[in-house]
Every structure is written in structure tokens, then in C-alpha cells.
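Each of the next two complexes has chain A plus one other chain: chain B in the first, chain C in the second.
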Partner chain A sequence: MHNTSQSQELVVSEALALEHGLTAEEYGWIYEHLGRTPTWTELGIYSVMWSEHCSYKNSISVLKTLPRDGEVMLVGAGDENAGLVDIGDGLAVAFKIESHNHPSAVEPYQGAATGVGGIHRDIFTMGARPVCALNSLRFGPLTSPRVRYLFDGVVRGIGDYGNSFGVPTVGGEVYFDPAYEGNPLVNAMSVGLVKVGRTSSATAASVGNTIFIVGSATGRDGIHGATFASEELSEESEARRPSVQVGDPFTEKLLLEATLEAIRAGVVAGIQDMGAAGLTCSSCEMSAKAGVGMHLNLDLVPVREPRMSAYEMMLSESQERMLISCAPGREADLGAIFGKWELHAVAIGHVTGSGRVTVEHQGRMVADVEAEHLVLGGGAPVYKREARRPAYLDAVRAAPIPPDVEPGQVAGSLRALLAAPNIASKRWVYEQYDTMVRTGTAQGPGTGDAALVRLKGSRKALAVTTDCNGRYVYLDPRRGGQIAVAEAARNVVCSGARPLAITNCLNFGNPYKPEVFWTFKEAVAGMGEACRALGTPVTGGNVSFYNENPEGAVFPTPTIGMLGLVDDLDAHGTGAAFVATGDLVVLLTPGAWAWCTSVAALGGSEYLATVHGMTAGSAPHLDLREEVAVQAALLRLIRAGLVRSAHDVSDGGMAVCLAEKAIFSGGHLGARVDVSAPATCRLDALLFAEAQSRIIFTTESRAWPAVEAALSGMGVRAQVIGRVWEGAFEIAVAGETVIKEAVPNLQAIYDHAIAKTLGIPSAAD
Partner chain B sequence: MNVGVIVFPGSNCDHDAYHVVRHVAGFPARFIWHKETALGDVDLVIVPGGFSYGDYLRAGAVARFSPIMSRVTAFARNGGLVLGICNGFQVLCEAGLLPGALLRNADLRFVCRWVHLRAERTDTPFTGAMKPGQVIRVPVAHGEGNYFASDATLDRLERDGRTVFRYCDEAGAPTRRANPNGSSRNIAGIINREGNVLGMMPHPERCAESVLGGVDGMLVFRSLMAWAAARHLPAQHAAA
Partner chain C sequence: MHSYKARITVTLRPSILDPQGKAAHRALTNLGFSTVQEVRVGKVVEMVLHEPSLEAARAAAEAACQKLLANPVMEDYAVTVRRVPEIAAAS
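Showing the complex of A and B:
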């Protein structure tokens, strides 16, 4: 790491620019625009602003194809730090998901912790108070000691930061696959609440305003984090450990309270958090947004270490800092508010009319750059990368599917699936998170398809979930992208909510590889199609490229964070668990759905992966019109008070869906299910295939006529397949029993599989 | 009954406690900032959960030096009611208002889950609405909840009937399996000798409304309401 003081400023050359991750062509544009050789500090500023992480230069042309408008949108994608959605009653929700993959790969604890801190700052910098968090995690197989170290560190990092910060972690997902070995994915989501009209904006606002840096002092941590995020991991990545920031949730908690108090008091004209590229990104983006300039004097910046250079101060990613453009005449009030919370609030500059960010340090002008030339939508480069369909697609689709499971092996396959880390309970993970602080969590992790967070003083609740099956996207990027959105919406609907909007975190490999870029384009196209069909606009998110290790790219993983709204929590809030003995078990499918789909139905299934060790076939069946019909039908039933529990058929297929409904009941309730499929059907496809748009719900038996009446003409099919009882978990196919297991036994397998794999005695043992 | 909820930098269950006291139980309530030097007119002080000062040193170790804590101590010594929840329990131990200490959980991991507690004393202001030996279901959420004291202290606590809550199974047996953090003798909450200062690791304020999955925590607040009513303290808040 460069820690040269100002007097030893490096001489800028094209070679140094290349070292900073810029291309020769980009360096040429910078030289041309400045009309001179950039200073070392300016080169640093350009390199981070034009990194993929800040500029989206390789992705923006594709992202623009996503639907970004809708009647619920108050602030659109890219306009502010996060999207803003109207939920009625004068309230709005700000929410966003973001990756912290590369930091977590080399320093899992701090990498994950600062990912959580960063995404919360994106929310409260808008004036919204975070009310819940989710996270979507992907690792290699738990059999690898390195993976176990990463998994443990990431979970501790998320827990320690979020628990102390005081925002509940209410949901998320954890997947394991060899494709993520060496390059784990750590995506963190925050959801905040704000009164409409009380939000703040990431703008420098007006010429003459004083610029304050608030929060923590600036240190040497995290320098070039944004650039680090924009290159592939390699053997040398370990040396990037100093690029990982260090989190301080206590300071973040103080910063949250002080920031919200300052915004409420009207002393904030504009504000942006300092995440990637710290002072550089916040000053340039706030200036460009207002069409103004900014002068900064770095000698005034509170620092943790002596002799920091201008380059280091501009690029530091020290956490828990904000840049504020102060409302004129309110400087003393701003100081008093942050002083109460024992935080720095130091005037370091002012807004100018020049359109340029000028930086002085130790009496010298070290940077003088045009804000607009640096930012996305301004002078930052935009590339259309070459896309080429990858050859692996033909190979995986041609792979022969093994013969059908024997009836005697069905129960064993179910047990194996319940013990598979992708399906098994994530209790070991989420019990390390405070899932209940703020007393809003009406449905936390573990027993429902989406988390439900009540809104105090209202009948409403937020429904939130994250979803993506990377294996599907790998096998068919377009349909996989559609399914990620469709499943997220289905989960929200199963919990009793209307889907409103999504945020997304697009985790892909190196975009300069045409095959990788093709998967990116296809997946985004699929997401867009599903968002349009379901009426859920994209409110923003984040792109994370270069998720590769020496073996190749990770599964293309466009993680979807979905927001839904429950209008009446008491009446509509719905869990997944069986509720009462005697209830009917009903399979809801598209009208055209048939039991006997072809053997191709097994494609991409957890069954193939767990039982046969195969990632093969194509993504499972999805037709967006069918999906829309099924979701509308379930929501109608829930609102009519006809649904006792609902759970969508996803990983592990119908058998796992049913088993989970029994397990979630606390092991008290089982079911007797008889699937009256023709004898020619493959058993494994029937029970374990993952065709989309299917939901299993339960209803009181006397409500059945009302269910049938409500669904008439909706283009869906509802079949009673069984009954809840206090006995065992039984599935028969055409009258022949293939599964008969005591529910507590299934529960024991499901609950303890992950702790067992880790070799940790489960707390409940 | 007027309730004051202490707010340290890093408290994060302060609003949860305030919400239950004010909007569910219906007491007049206010926040008391840690730098205040007087408690004002209060009958019950709640030291809430959270991570006071980040708990980077040892949970509660810094908070006890806050200006307000000397007032809380004086208030308690005068017989005022003090309820410490989670981090608040840790602070009360650090401040010497309760014996013992809360160590890191035995498995060194934070734990958040529902547990069962056995109410062993029902003649306190905090537990009067419970039946002797009643098993209640309440969440825990802590990294340092492993109650520790010398054997002599533990013997004395038990002899004097000051172990108000013990972790137990559904049937009320204080088994090892039911103990989420390795606490000595499954102790989840204790009271001082005078019976006016209660510290407990589990969170009654998180289970006082059915929408949150349980209402047993309301028994603590209902006990306090009955205690206040018997003493003709101002009962319902006008806006409740």
C-alpha cells in the first residue's frame, strides 16, 4: 500500500494508470480532458470513479433495459442511494441490496460486517430508519475447511454488526455449491421506513453551502476497495487484505441517530454516505447531481493516523462517515447534534459554482477535476461488451438423466434432501442474528416464505425476501433470471402480501469474457420480463462483476430482494407451517399443469445435485402468464380468509415442500397425502422436480366450496391432495405409500444438518 | 406509575421497552438520556437492552460510569423499582446493584431464540401476576448472558429465594439442554435482597403482543400494573 506523504507524490504515467485498473484508452481520455498529466491524487480519483463498482461502465447499457417505473415509485433507480416506494398512509420504504463479495473472500468477518454497515448507511442517508435487514450468502461446499472458515466468519460478521446496530436480521438465504468455492457471495439488504416528504437527497445543493465530514475519523483502511471489487480474485488477493475496511457498529448506531436527528431538524441540505471510494465518490456525485462544484481542504479532515497523503484521504474507505452539505446558517446546529452523539462534524469545504471538485492539501492544490466528467451518466465511460453464448450450455443439457428412483429409495432420497445444506434449516445461522429487536418481527426466519415486519400503529406489514437459484441461472440464464423474480414474488404472496418492487444484486464473472457477458445480458433480460409481468419495478441495486476464482466464474447469481405489502397483518399474514389437524392440503398449479412432465423436469433440481451429484439439464419450467395467474389466485384466497398456511414448491420439489410444512409445525402435525398421478410418471420427477408456479396451501375442509368458487375462471387448478393430521408424514402415489416417516425424525434431520456438517454440537443437542 | 427508560449510546431496545410500557401497558413513560443528572419523577426505571458504548470492553462495564447511573443507584437504594433487561442486567451487575457477572455464552456465539423460563418467585413487584412455578416462553438475544457467581453467592441467592427466573424445558425442568448460554444453575434472572431491583437476560418486552408470537412477557408488565394500582400510583396514561 502506498503510504507516501505528499512530498513524495508518485509520478503519474500510463503504466501507473494501468496499475490502477484503468485502460490505456481511458487514461488517454483523462489526459485529453484535463489537458495535462493528472496528479497522483487525480489519477486515484479517476481510477475509483471509473471502476466498474462506481461507474457501472460495463453494465449500465444492459441495466437500462429493466423496468424502473411504476405508480408506487417515489424515487427511481439510480437517482438516490436507494429506491423509494410509496406504501400509503404517508409512509415510504427505502430498500436496497449490495454485495461485499471480495472483501468477504479475504477477510470474512470484517468483509461481511462492513457490507451490513454500508447498506444500512445507504438507507439512513436518505432519512429512512432501517427496520430490518436480510442477507443472501453463497459458499463452496462445507466439506472444505476454508469454506467453513469463511462461512463462520461471514455469519459472525453479519451478526456482530447487525446485532449491535440494533436492526433485526429477519430473512435471507444461504446456498452451497462448488461453483462458489474461493469466491463467496455476500449480499446484504436493508429496508428502511420514512415519512413521505421527509427524505434527504444526495446533493451538494446550493453554492456557498458549507461541507461537513461527520462520523468517524479517516484512516488508511479500505484504500482502493472499489478497485479491488472490480478485478478477479487471485492468489495475490490475500495481499488485498488492507483493502478491507474495519467496521464499528457502535459508531454506526450513533451516526444513525445523529443523522436522522439532523435531517429531522432541517439542517441537512444534502447528504451522502461514504462507502466505496469514500470522500471521492461522495464529493463528486453530490456535486454532479446539483450541477455545482466543491472545494475541499484536506488539512481539516479528522484523521486516525499522521502523515496521510491527499491520495490516501481521498480514497480511504474508512467506515461510518457521511458528507453533508449544510443548510445555510445552520452550521452551529449541525455541530451541536453530532456533538450530542459524540461524533465529529467538521467543516472541510464549501460548494462552489465551478462544476469542479478542487482539493487542497498542505497549501497545494492536489486535484482539480470536473465532477460531471467523473460520474455515471456524465463523462464516465460506457461500454457495450461482446456477448457470446457459452459452450457449456450444450454439454449440461445433453447430460443423460439417471434412471428413476425405486419406490423403496424414495424416503431415503427425501431424508438426504432434508439434510442437504441448501435445504436444511439455517437455524445455526439465524440464531446468531438478533431477529427480533425493534419488536416488529411478526414472522422471522425459518417458518414462512417471506419475513413479515409489522408497522406499529397500522394494520399493515412489510413482506421481504431475497431469492435466487444460481444453478437455474447457470443452466438457462434467461429463465433463471425470470425465476429469481417470480419466486421472490411468490414467496411474498405466500406470506399474504402484494409484491411491490425489487432491488437486485447482480453477481457475475468477468464482463470482458464474452461468455460471462452473455449470461449477464440474458439474466437481466429474464429479470426484466418477469418484473414487467408481475408489475414489480426495479428500484436499484448493485452489480458485482469479477466473481471468479482460478477455476472460473461463479454461477451467475442475480439476487432479488423483493418488497411486498400486507394490507392487514392479522387477517392476511400467512405462515408456511401446517396449522390444524383435519385441514385439507391443496396443490395450486397453473390450469394447464399436468402431473407427468417429461424427464427434463428434473433439470437444475437439488435432487439431481444431492442424490446424483449432477448439475444438469435446463432450468425448470416457468411460464410468466401462469405465474401471474397462480399468484393472483393465492392472494385472492388469502384475502378471502380461506388459507391457513401456504408454501411454494421450490428446492427439493413437492415432497420437500410438504415435509417442511410438517416440520415447521414444530413437529406436531403430519399429513397423509395421496398423489393420484398416472403410473407412467417418473416418481423422482413427481416428488422432487422443481417446476415453478406451484403452491401448496391448507384450508379448513368446510371452506373448500368457497375456495373452488373463488378460483373459478382464474386459469388455475386447485386439487386436494391430502389432509393434515397428528400422525406421521405420509405420501402415497396412486395409492401406494412411498414415504412414511415420523415428523420429529424428519425435523431432527432438517434442524441439525448444518451444525452436524460443521462438526459443532447443536445447541439443542 | 411513571416509568423512565435509560438511554445509553448504543442502547437499542430502549424504544421497544418504551413502546410496551407506554402503548401496551399504558404507563406514562419517558426516555432518560445517560448524561442527565436527575431521574425526575419516576416510580420505575428500566435499563434496556442493547450494546451500551458498543460493549467493546465488557458488556455494561462503561455504562455504569455514566452520570445517570449514580442516580439510578441512589434511586434503587431508596427502594425505587429498577428493571434491567439483557444489557441492562449486565449494567446492574457491573454497577454492583446485583451480584455476579454475565460472561460470554458458553459456546462463544450470540444466541437469539425463544426459551422457557420458570418463575420461582411470584411475590415481587415484577412477577405478582404469575403463578408459582409457572413456565413462560420468552426470547433471548445476547452474546454475553452466561450468568456467573461464586458458589457461595449462588448458594445464598438460592437460599434467599432470589433466583426469580431459571431456564427450563417446556415442562419446567431446568435441564442443561434448556440452558441457552451456560448460566450457572440455569439462572436467567435475579433480584436484590430488598426485592426492588430485578435483572434478567430474556426480553419480556419482545413478547407482550400476540403479533410477535407470544404474550408471556406481558406478565411482567401486568405484575407492575397491579403493584402500581395497589399503591395508587398514577395508572393509565391519558393517551393509552
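Showing the complex of A and C:
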């Protein structure tokens, strides 16, 4: 690290460039472009702008294959800080998911907190007010003390920041697998609302405009965070500790209000938040976007510490800051608005026609670089990395699947699955989050397939979810990528919404490893296929490479954040829990689906992982045409008022799906189900396999003829498999009862498993 | 074995943002303490150890800081140890 205080500049050499994460070739291009040796500050600027985090240099060629057009899209993917989707009534939703994996691995509490702060800023920098947040988290097994420390710190960090900021955390997911030990994944998503036409843009706008830095003062926080995110974690990165940024949610709240007020008042010509690479990234990207230049005088930047160098100020990742291009003549208004909220708003430069970002410090010009040469789509390098199919795929698929479960062991397997941290209730997590603040939450965590957030003053609601099963993607990257999108859409549909668009956070290993790059390409191809089939374009997102540690890469994990719209919340909003005794329990599947699935259907299942300790086989069955038909069918039933509850069959298979519907009811409603499968079926595959495109819903008995009529010709099959029953939970296969449990017992296992693993007595104990 | 009292001061490292200190600074300024230039908030931990020597007591206190009392990622700590009159070990 070079964060010693200095006026002394380091002498730039190729060796120093390599230390900054640039390649010798890249350093050569910089030298050639400038026609001279870059200054130390310029080297810092290039190193962050050409890091994967800012330039997407290794991923953009693949990302461009994703479908990024759709009638609901108001801005192009990647054009602004977040995607913008038209939801009608003059309203738009800005939403995005982003990773904060590496900071969270080093300092879990602050890493996760600043991840939440950063993604909210991406939303309100567009003029949208954040209305809810979600988080997709992955850790190693909770048996490891280090993992428990990371898990606890990340959850507290998200809770403390989000709760203080005043935006509800309404959903998300948490997975545990040895693949994530040492390199947890912390993906934070924010969703905001804005009136169409009232948005702001990340542009420097017009020549002559004054450039303001607003928000917090600049310190030495997180210098080189962006390059830090673009390398593998090692013993050395442990020692690079000074880069920890600290979040201040109360200042962020002030920044939110000041920013929205300034945008509303028309004093903002362009604005970008300062996340990774702070002042560098915001000034260069805003300039390049408008095809202009910018002159900055760092002596004017409010600093928290004395003697900061130009290098440090340009690279600082101090939180809760924004860069604003002020509308001409409105400088005093801008200052007054931010002053009212007790925040700095200091003019530090102006927009020039030169196309260059020029930086002056203590009377010297410390950087003079062409904005266009630094950015994605301009001069930033674009690579096509070598891809090679990994050898492990054959090994995992050849692994022998253990013999079928004995009927007497089925109930034990179900209990084991309900206690598995991947399936068990995440209440220990979400009870630390304020899920209700702003009073818009119609369905929060733990009771439905997607969260539902009311649009006040209308009958509509947003449905939001995050989804990805990394194990599937590991076993079959392409189908795993398809399933991540398909399941996210299915969850949104189960809650009564029409899927609109996705954002994604692609967490992979080192892209220079051909096997890693192959899985990346395949997974993105799979996502693209599913997005096309489901009509949900990609609005943007984030790529996080280098998620590795000495033990190897994490499971390839393309987290999907899905946005859906419920047209009429009161009529269509649907939960997962059983609603009333006597309702019919119906299994909705593709028309061609038969009871007897092959042995391979257990591949990638939580059952294999929990009961047999295996990550083996291939990803479960998915056919996108079937998936589209099933989702369309359920949505038609929901809109016709024929569905009382709906829950898709996912981790843990049909048995866990049914158990969850009982548990979510509060423990008083169960079901008696008889699966009339032929005796030749494998019992474990029947009950615990995770073949996709299946939904279990309930309907009133008298509505059944209407259900059958509505589904006619839709290419799906709906079978009544039982009835909702008071208190009892029984599953029979071809007349033979294999599970008979009291629902409160299942609920106790499910609710307290994670707290128990953590050694925390829960309130109910 | 003797009793030793360790006094541990935990402070944020110099470059780390201190929102609590910032809030205290603002409140002090609002109360009229116009000369206050900066506020940083830390904590003091006192503990009594039963150890054979001053060095052993210091080592134990240091280890406690590393493992629990301080967050070495963000905080510095300073330990002073002195011998105190015997305190019976907790039953």
C-alpha cells in the first residue's frame, strides 16, 4: 500500500504498474497513449479504471450476448448506475444488485454495511427513492468458527446499515457450502421508485458546468478497493487491511434526502455516486458519457485527514459521497440544499471541452488523461479469455448415486432436510432486519416465494426476489444459469406477479483460468436463454471475479435479482402458506411430466448433499418451454382468483415444499397427501428430487372445475394430490404412509436449526 | 500466582472513519464548544488476571485483544499491566 502521507510522488515504472494489477502489455498501451511515463496519480487512475470491477474487460464480450432490450426498459443495460423499468402509471423502478464479497471477507460487518450503502446510492443517484432491499449471501459451513464470525458480522452489518438508513430488507437468500469457505459472497440489491421523466443521469452534461463534491469528507478509506476486488484473496490481502471503509448510514440518509431534493429542484445536470474508485471513476465516466472533459482542483476537496496525496484523493473510497455537475446558475441553490442537510457541497472543478480529465494539486498538474481512453466502450481493454470445459464435470456426473431410501427412513430424511441450514428458516437472519419500515411490505421474508412491496396510492405491488443455486451451476453451468432465472421468475409468479426484468451479480473465480471462464460463458449463455424464453431482459448488474481462496474457486454463482409487478395486490398477492382446511392440494407440472423421474433427477439436490454428503450428478431437469407454460398457467389461475397459496418445488423437493407450506401457516395447518406413483419409482427421487417447473398450489374444492377449465390447452398438468388438514402432516406413496408428523414438530426443527447451530438459544427454547 | 490489572485502550486506527466521533463532534459544536477540532471515540477495558508473572499477564491481555477485545482489522490497542493486591480467584 502506498497510503503514506506525502508530497513525494512515487516514480512510476513497469514494476509499480504490475503491483497495481495492470499487465505489462496494458502498461505499454498506457505509455504509448500518453506518449510519456504516467504520473503516479495517473497510474492509480488507470489501474482502477482498467480493473475488472470498472472496465468489465474480461466479461463484457460475454455480457453482450445477454438480451438487453425490452419494451419496459427505460435506459440501456450498463448506461446508468442501475436499470430502469417502466411499471406504468408514470412510475419507473430503478434496481440493481452488486457484490461486496472481498471487503466482507476481510471485515464482515463494515464490508456488508458499505455494500448495502453502495447499492442504495446507485439507486438514489438516479433520482429514485429506495423502497426495499434484498441480500443474497453465501458462506462456508456454520461448523467453522471463522464462518460463524463472518456470518454474524455480515448479517449485523446489513441490519445495522439498512435499519438505520430506513429501508426495509424484505427478502433474499442464504446458502452454506464448503465451496464458499474463506470467500463468502455478499450480494446486495436495492429497489427504488421514481416518476418517469424525473430521473437523473450519470453525465458531466455541458461544458462550463461547475463540478461539486457532496456528502462526506474524503479520507483514506478503501484505497484500491476496486483493484482489491479484482484479485484473489491471500495471506497478503489480510495484511492490506487499511483499505477497510466504514459506513455511516445516518449520513447516507441525509445524502439521500439532499440528493433527491436537488434533483427535484432541477439543480442537478448530472450526478454519479462515488463507489469503487471514488472520484476517479465518477469523473472519468461522467466525462466520457458526455464526450467532454473535466478539470478538478484537489486542493478544494474537503478532507478528513491532513496531507492526503492526489493519488489518495483520486482513489479514496470514502462512503456517502457524490459527484454532481451543477445546472448553470444554480450553484448557490445546490449549496443551500446540501447545507440544509448538514452536508458538504464544494465546487472542485468544471466541465471542459477538452475530453480530458485534468487534475491539479498544490499548484501542479498531477494527471492529464483522456476520459474516453479509460472507460468501458472506449479505450479500456477488452479481452476474450480462453475457455476450457473443466474435467470435474465428468467426475461429478459419474459419481454413483446411493441406493433408494427405505420407507422407514423417509421421515428422518425430511427432518434432516428441514434442519439443513440451506433449507431451514432464516429467521435468525431476517429477524435482525427491519422488514416493515416505510409500511409498504405486504409480504416480507419467510412466508412467500417473493417479497411484495405495495405501491402506495395504487392497487399494484412490486414482487422482488433473488435466486441462484450455485450447486446446480457448478454441476451444469448452462442449465444452472437457466434455472437461476427460471426459478426467480417462478417465485415472482407464485406471489401473483408478472416477471418484468432482471439484474444480476455474477460471482465467479479467476477468469484467467480457462475452466473458470468456460463456466462463466456457459452460465451467462444459460441465463440469456432463460431471459429470452421468459421475456425478462437484463437491466444491468455487476461481475465479481476472483472469488477464490487457497482451497479453490467458489461455486459459479450468477445471482439473479428479479422484478415483477402485481396488478392488483389484494386480489392477486399470493403467499406460500396453506390457508384453510379442506382446500385441495394441487401439483402443477408440465404436461409431459410423469411421476417416475430417473435416478439422475436427484442430481444437485439438497437431499444428496445433506443425507449423503454428495455434490454429484447434473443439475435437475429444466425445459424452458415447459417452464414458460407452467408459469403462464399459474398466473392465469391466480388472476382468475382460483389460487389460495402457491409455492414452487425447489430445494428439498416436493416433501420439503409441502412441509414449508404447513410450517408457514404458523404450524396449525398441515396436509394429507397421497402420491399415486407406480411402485417402480425411487422413493427419494419422488419426494426429494428438485426437477424444475413444478408448483404446489391450493384451491377451494368448489373451484376445481374452474381450475381444470382454465388450464385446458395450456400444456400443463394439474393433479389433486391431497387436502389441507388441521395439524397433521401425512404423505403417502401409492397408499402407503411414509411420513406422518405433527406440524408443530416440523416447525420447531425448521425454525430453530440455524440458531441451534450457532449455539444461540432461541426465544422459543 | 499473582493478581495483575490490565488496562486496555482500544481506538480506531487513524485513517478509519469514526461516525460516533463525528456525531459527538457535531453535538459538541452545537453546544458551543467551538474550539473542538476533532473527536474520536474508543473504549477502555480493565481486567484482572491471575498469572505467574507480569510478562505472562501482559501476554494473556495481548492475546485477549487480538482474539476478542479489539478488531485488528480496524482498531489499534494499547495494554498496560500492573500488579495489584491479591484477589481470590473466582470460585
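The rule is short, and it goes like this: the second predicted complex is superposed on the first by the 761 of 765 C-alpha atoms of A that agree within 3 Å, B and C clash if a C-alpha of one lies under 4 Å from a C-alpha of the other, contacts with A are read in each partner's own complex, and residues count from 1 in each chain.
Note that in this section a residue touches a chain if its C-beta (ideal position, glycine included) is under 8 Å from a C-beta of that chain, and two chains touch if they have at least 3 such contacts.
No experiment lies behind these values; they were computed from the predicted model shown.
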Quiz prompt | Touched partner set for A:I749, first chain B, second chain C, both or neither | solution = neither
Exercise. Figure out whether A:C681 sits in contact with chain B (first) or chain C (second), or with both, or with neither.
Key: neither
Practice problem: For A:D221, decide between first (touching chain B), second (touching chain C), both and neither. | Solution: second
Practice problem: Look at the residues of chain A and decide whether chain B or chain C touches more of them. | Solution: B
Quiz item: After lining up the shared chain so the two structures overlap, which partner does A:D160 touch, if you call chain B first and chain C second: first, second, both or neither?
Solution: first
Self-check item: Contacts of A:K253 with chain B and chain C, given as first, second, both or neither
Solution: first
Quiz item: In the superposed arrangement, does A:Q319 touch chain B (first), chain C (second), both or neither?
Solution: second
Self-check item: Interface residues of chain A shared between complexes with chain B and chain C
Solution: 248, 250-251, 342
Quiz prompt | Of chain A, residues touching chain B in the complex | solution = 156, 159-160, 163-166, 248-251, 253-254, 341-342, 430-439, 441-442, 454, 456, 569-570, 760, 763-765
Quiz item: Within the complex, which stretch of chain C touches chain A?
Solution: 13-19, 22-23, 26, 71-74
Quiz item: Tell me, which parts of chain A touch chain C in their complex?
Solution: 3, 106-107, 110, 216, 219-221, 241-242, 244-248, 250-251, 304-305, 318-319, 342
Practice problem: Could you please specify the touching residues of chain B with respect to chain A in the complex? | Solution: 9-10, 12-13, 15-16, 19-20, 23, 49-51, 53-56, 107, 109-113, 139, 141, 143, 177, 180, 203, 205-206, 209, 211-213
